[in-house]
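In structure tokens below, several structures.
Heads up, the next two complexes both have subunit A, just with different partners, subunit B and then subunit C.
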Partner chain A sequence: MRFALLPIFLLGLCASAQDEAQTRFTAYDVVVDAGAATLAAYQVEITAGPESKIVGVEGGEKPYADAPYYDPAALQGGRIILAAFTTEPGAPTGKVRVARVHFQETGTAKYTARVMAAAAAGGERIEAQVALVQTGGK
Partner chain B sequence: MNEKHLTLLELDAVRAGEASLEDRAHAETCPECRAELDQLRLLETRLKSAAVRVEVPDSIRHAILASASRRRTAGSWAWIPLATAAAALFGIVALWMGRPADRNVDIVDAYALAMRVRSGENVDAKWDLTGDGIVDRKDVDSIAREAVALSPRGNR
Partner chain C sequence: MRHGRAVLWALLLAAAGTLYACSQAMVESPPSPEASAPPPMWVVKEKHDLTLPELKSAELWIIEDYACRSETYDEDFEKSKGDSLDSVSDKPFKGLETHETIGKGSRRYNQEELMLTHTGIQVDPTSPPPISDLPRGGELRARQGEKTVPLPLKHTDVRARIAVNLASVTVVQQYHNPYDGKIEAVYVFPLPEDAAIRDFVMTIGDRHIRGIIREREEARRIYNEARRQGYVASLLTQERPNIFTQSVANIEPGKQIDVQITYFHSVRPADGDYEFVFPMVVGPRFNPPGMAAGVGAVPAGETGTSGQKTEVSYLRPEEISSHDISLEVDLDAGMKIENLSSPSHVITVERPDPTRAKIALSPNDRIPNKDFVLRYKLAGKAIKTAVATWRDESGGYFLLLLEPPEQLSDIPASPREMIFVMDCSGSMQGAPLDAAKRALERCLRRLGPNDTFQVIRFSDNASAMGAAPVAATPENVRAGLRYAAGLQSEGGTMMIEGIKAALDAPAAPGRFRIVSFMTDGYIGNDTEILGEVRKRIGTARIFSFGVGTSVNRYLLEGMARLGRGVAAFVNLDESSDRAVDGLYQRIEHPALTDIAVRWDGANAADIFPNPVPDVFVGRPLVLVGRVQGDGRAKVTITGRMAGAPYETSLDVDLGAAEERYAVLAPLWARAKIGQFDATEDEIRRLALQYGLLSSYTAFVAVDSLTRTEGEFGTTVPVPVPVPAGVKYETTVKEGANK
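Up next is the complex of A and B:
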């Protein structure tokens, strides 16, 4: 009876180590491509699968260096809407890294992103594309 | 010249045509009071056009009428608490009703408003979401937060 609980204890240790190995943090850059148009405003939706949780948001490159608007309720969840605009002259064109999103993954994570709205300088609505580019993790 | 401005209740009395001659004259000549009065009239118009009907339970209606009846005999200022409560309710409903585009907004709306605020253009009072009497960057932020909200009230 003295060692009866030992196997259970060892099993618990193994399971704990396995969980730690499967949980990792990663970050994705959110890149919006406005083509030839200027990107003065954007709004994108990012959805993660059940194996991933959103744990942080930060800005991208100028003029979107500040963290975008987002609902804090999105943290620890799997869906987020990011949005930002710039009223400064010289809005960028082409591919713009507008934000970075950090995730906690517990398996093979899948992500989708779509542009909900975008506008060129002056307010004209434009078509734009969005891509998530993994930047690293641990 | 216009050192003493009218209170909200006095302005509301002017709006309702129940104010004294002195108050009415002041509201016509004082730019600040005139602006407040215009806001009240705008709210009145919005509420009328909104056609909102709120059913009040009989018990509450009777209690209010009984209270008003007792207070009417108590003194000429007894209506003030009731009027204050009504004004507060009026304001809350007006703010709620005044939200532009029924929450169907996105970041482009915020951007467009930000550009107009920045350029100093005259902006429609319906964008005064914060209800502070001016349309400014706070209202832009309010629209942007609404655009990214995950709640069912969002624009998805």
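Up next is the complex of A and C:
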């Protein structure tokens, strides 16, 4: 009887290994480049394909170390809108790692990101770029 | 930036204000029993001479394990045996309210641990009353053989901010791994039944990962896969509107993972007071035979033996938890605060100014085994009819607080048929049944000459004092009191039997039937019971009493809503007079009925609760709804009062929404989800849209950077103490897996 169950057990192991190969967890840093301007607030949209699910949103470097908030109404599939701001003096300039997004991937995932809004310390709107940099689960 | 994004900023600001600070574990280690401890179950630990106003040379004896109450009183202390200390706090013993000033150091002694006696009255410490007759607080016990159980949940820190009547509460649960191997911690815990839970953050070291709201099954699949692959992950699910499960996977030995939950709710005004409640423990539920979707109560270490979908593990009487709790409330009432008190806990209070207060649990009252209750009264005629509004990209929202019309208390009510239904199940044994009996006794003594009444008891089955309600003659009331005094508790909680007995009997013509359940509500089939109430309620009204320190408020409030009445709560540490008198104040006068809300200059819809409940004396009504419009509008509330029309109105500026009312959007969604007729699709859609935890949605967080070695380890349920006053022996089934 025990031996009769062995193929089922082995099949289970194979299935498990296959699942893991197909399902993996990874993270991408969200880096906003504000150029010479100070980055006091941002709002970024990240979109992933159906092979990817967002499973967590983490903070970045100071002053954006707290996990940013997201708009639940905009959270559909792999799309998320993140936003955060700082009132601390000396808001950063240049490239700032503002957040990290954790994903569950089940295939070849593709991501896009865009800055919806960014503001300097005085509240004036600034031009900024955003990039996603894979940081985990490579 | 779009106006709607202000919601995000508002949330950011709210979060910034609810700063989380790690707290020290404050519970004292129980003193080791003396090596030469005598065989009796208790010993006198300390003795203090007290000088209190009007009471000279009193003695306070601190008794290890529990206290012997004085049975002899003088003319200044006219209380009966069994009265609690709080109930005499307006007597010469007022000085005892601050226990710390009496005991050595800063320990807090429960009233059960105090013995008070005048000089010259000898109390023999070798002949205590039977332990089974005493409430079981469980705090600071130090019995021989008692052991502290290391748990994966180390500490809970609660920070509440209350602005007028809206509360924002942040709960941080600190999990750690005190064992040698990797674990998954699973903790079943309560939150208020109307809480709009909309934020969830997992903290690993100095990294904070905000959880994502997902459909429940999808979230579970993600969590299970992360757990299987060794990633640190957490999952928050809802089992009942007031019971939740937190799972944290892959906690390595010596590591700590914090989970932060944020929710909003409105603080309800009742009988002139506002009452903020934070529940701390899920009481042991009874599940009817054949049920599998209930909430099981199992001994620690016997997980899976209840056969129920959700299980709560309970510490045995000889075990104490290493888990403790700290709690702070920052109250900004906007007007002068009066009569701030907690009937449940010892608190410290700071008053930065007359309109604000900072309340904290006393450092030595931190065992999470009973609801924290904070009451406060505002100066003057503080509860006024008012409207608050908010608008974002999802639309407009309002909250209406309707003060009971003053005229209500001037109108006499019709003859009543009072049906009192006593829960005599095992969980009520001891202090809860005693408290329920005291409440029943006061109810019977307050019956009017035109009333009829019936007393029904239920546990495994139901029986009644008589075949039918009888007139409230002095003789019948005495018979009722004798019947109440003889009630015993044992067996299961077949509440359906009590409901059938109370609601199925034909109503007496010309009488207003009022059904009053007196119960802790410890059942696992809440949905079934609420369905039965809905089916059988007819024209009766339900005005129930939740009795105990950790009552199932979801059930009691739900029954009151379906029964178009009101629930009141009787804590074991306070007199039931307040709750009973509140009931009679309400039922001795007619309600404001057929309430409708009309907006001129704006369009309102989706007003909840639906149908709008009646308004009773002492119980203001809180409604939430959607509103379209952006200028000045007029709100008119109409209704009927003893058959006569009633109308009041007020002006509202929809363009003047304040940022603090941003919580109205999730509160409205939570209210809609909480409707008894909300469909699964509707709940799922709303919960996802507003980011709310619900029966069909869950929060999941995965740290894809922290992958641990090996299998996911052992699942460790977090055992909890049975609620203060509840007996383990009559509520938790031992040995089911033996």
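Convention: the second predicted complex is superposed on the first by the 115 of 138 C-alpha atoms of A that agree within 3 Å, B and C clash if a C-alpha of one lies under 4 Å from a C-alpha of the other, contacts with A are read in each partner's own complex, and residues count from 1 in each chain.
Here is the rule we use: contacts are C-beta pairs under 8 Å (C-beta built on N, C-alpha and C of every residue); 3 or more make two chains touch, one makes a residue touch a chain.
Predicted, not measured: the structure shown is a model, and the values here were computed from it.
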Taking the superposition as given, does A:102 touch the first partner, subunit B, the second, subunit C, both, or neither? second
Using the touch definition from the top, say if A:23 reaches subunit B (first), subunit C (second), both or neither. second
Contact-wise, after the overlay, does A:40 reach subunit B, subunit C, both or neither (first, second, both, neither)? first
Just checking: does A:119 make contact with subunit B only, subunit C only, both, or neither of them? Give me first, second, both or neither. both
Touched partner set for A:85, first subunit B, second subunit C, both or neither: both
Identify the partner contact of A:65: answer first if only subunit B is touched, second if only subunit C is, both if each is, neither if none is. second
Using the superposition on chain A described above, determine whether A:73 touches subunit B (first), subunit C (second), both, or neither. both
With both complexes overlaid on chain A, does A:53 touch subunit B (first), subunit C (second), both or neither? second
Is it subunit B or subunit C that touches the larger share of residues in subunit A? C
Once the two structures are superposed, pull the subunit A residues common to the subunit B and subunit C interfaces. 43, 68-71, 73, 83-85, 117, 119
Spell out the residues on subunit A that touch subunit C in their complex, using ranges where they run on. 16, 19-20, 23-27, 43, 53-59, 65-73, 75, 83-85, 102-104, 117, 119, 135-137
Over in the complex, which subunit C residues touch subunit A? Could you list them? 1, 5, 7-9, 11-12, 15, 198, 201-202, 206-214, 218, 222, 225-226, 228-229, 231, 233, 394, 688-691, 700-705, 707
Subunit A residues touching subunit B in their complex are 40-43, 45, 68-71, 73-74, 77, 79-85, 87, 116-119, 122-123, 125
What part of subunit B is in contact with subunit A in the complex they form? 106-108, 110-112, 114-115, 118, 141, 144-145, 147-151, 154, 156
